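When the chains are written out, they are named A, B, C and D in that same order, and each has its own residue count from 1.
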Amino acid sequence: MPSFKTSFRVSWVDTDSAKIVHFSNYFRYFEKAEEEFYRKLGCNFDDMAEKYGIILPRVEAYCHYVSPLKFNDLVEIELSVKELREKAVKYWFKVYNKQNGRLAAEGYIVVVAADRNLGGAVKIPKEIAEKLKSYMEF
Amino acid sequence: MPSFKTSFRVSWVDTDSAKIVHFSNYFRYFEKAEEEFYRKLGCNFDDMAEKYGIILPRVEAYCHYVSPLKFNDLVEIELSVKELREKAVKYWFKVYNKQNGRLAAEGYIVVVAADRNLGGAVKIPKEIAEKLKSYMEF
Amino acid sequence: MPSFKTSFRVSWVDTDSAKIVHFSNYFRYFEKAEEEFYRKLGCNFDDMAEKYGIILPRVEAYCHYVSPLKFNDLVEIELSVKELREKAVKYWFKVYNKQNGRLAAEGYIVVVAADRNLGGAVKIPKEIAEKLKSYMEF
Amino acid sequence: MPSFKTSFRVSWVDTDSAKIVHFSNYFRYFEKAEEEFYRKLGCNFDDMAEKYGIILPRVEAYCHYVSPLKFNDLVEIELSVKELREKAVKYWFKVYNKQNGRLAAEGYIVVVAADRNLGGAVKIPKEIAEKLKSYMEF
């Protein structure tokens, strides 16, 4: 099983006047899953900056909304590595309503590795790339 | 010129620890432009619900990030209607840094017209569709 | 021990250009703790509305900021019931950096029980009041 | 008239499942008004940091909620300087529904001037203090 999973409850503040999670918050959910994923890999955004001098700007983000989430719903996000290039990685996210197993949304984020000071794209550190590889879908 | 434009300043709260606008906030900016656009058309989300019994759930959202925005930057968003189908509309957004004219990001949102009570997709009211048509790119 | 505790990590999106958690997000953290607390009591905002016909509008909110929180910090929030009146409850929140035990902020929210349809203040249901009482500080 | 005023529309994303503006967003509205106010004074948070080496951390925030705001409401915020000390300033905010003139909420933020690098409290630059003084209520 090459994917990473994390769960949490929908907060009241995540919802809007339609009584559903606001569409922009799915991107926050994606990133939250990515943060947990990095913690599991044993590093985080700050470590990347300090240890490797690398920041991870987002270059693309996409979401397809399938079935709305509401306040208090138990959400499960599944993260997998869809593409791994020298200087970029594409994460794929599936967002489920864990109570009924229904897919709520899916989408992706493309992240590039960039030099912390110069800004230009750089190679993803080998150590990190190895770890990411083990979460690739085949 | 078939596009609609609106401007505002980047708020402090929109930024993150990288000192740039958080990627999820571009989707909030897109929607903000859409809200202004509807006001200009002479209706708003609430009118749609009350007058036509229609809600406008988002089915897809995408953003390509080109050049970061920072606190206090003057932003200009250009909205145009990219596709208009019987029951759905695709808005295209270009986000500019108005001070230097540089493209910061571009992307889209696909919105479907749905029955307020039953939830199923319905036709966009003719009156609205006519107005949307005049903002289509050719 | 009459207080309720919950823990989570600071997300990247919670921070601002000063590289610290934005001051408005502490109120979101307070509410997040309140949501968890209600779940522990065996009810949630939606249950309150459906079972008792009650909504819980906020009438006051206050926070004193002591020591900033940063991305990835492990936060612990302690909630206690500071005051319990017939129609209102005042929650007190202490926000700690769990890694060093330091107080990051403390504050309160005053919530009133209101009739879901008529809007006027109503008594907190006895069953809920009993539960809240057990979390009061003396 | 020693106060500063600014207006804007309530965005959809500002609202929650109760179909009203989420209580935490009033603090974002306060800060938005503060940002506009600084622009009017001819400086902004970044100028403060670059020109004077000063950052402006928040030490207290309070809001009293009077009457809810909904999507699309036209909001007017009135900012005045309530207290001005050597190293701190207390802003008072009144939030109105501009369509009916009704007070929606009021509250305050206490901001301290701090050395950008050392973090300790420092005097508010004389030039800024003079400007702030002219917005004090008597």
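In the analysis below, a residue touches a chain if its C-beta (ideal position, glycine included) is under 8 Å from a C-beta of that chain, and two chains touch if they have at least 3 such contacts.
Since we're looking at a predicted model, the values are computed, not measured.
Farthest from subunit A, judged by the mean position of CA atoms in each chain, is D. Comparing the chain pairs A-B and A-C, the larger number of C-beta pairs in contact belongs to A-B. Look at where the CA atoms of subunit A average out and do the same for subunit B: the two points lie 24 Å apart. Chain centres here are Cα means. That of subunit B falls 34 Å from that of subunit C. Taking each chain's centre as the average of its CA atoms, subunit A and subunit C sit 28 Å apart. Looking at subunit C, residues 12-13, 24, 28, 31, 71 sit in touch with two or more other chains.
For subunit D in complex with subunit C, the touching residues are 18, 20, 23-25, 27-28, 31, 55, 57-65, 68, 109. On the side of subunit D, the complex with subunit B involves touching residues 9, 11-13, 28, 31-32, 35, 39, 44-46, 71-72. The residues of subunit B lying in touch with subunit C in their complex are 12-13, 15-17, 19, 22, 24, 70-71.
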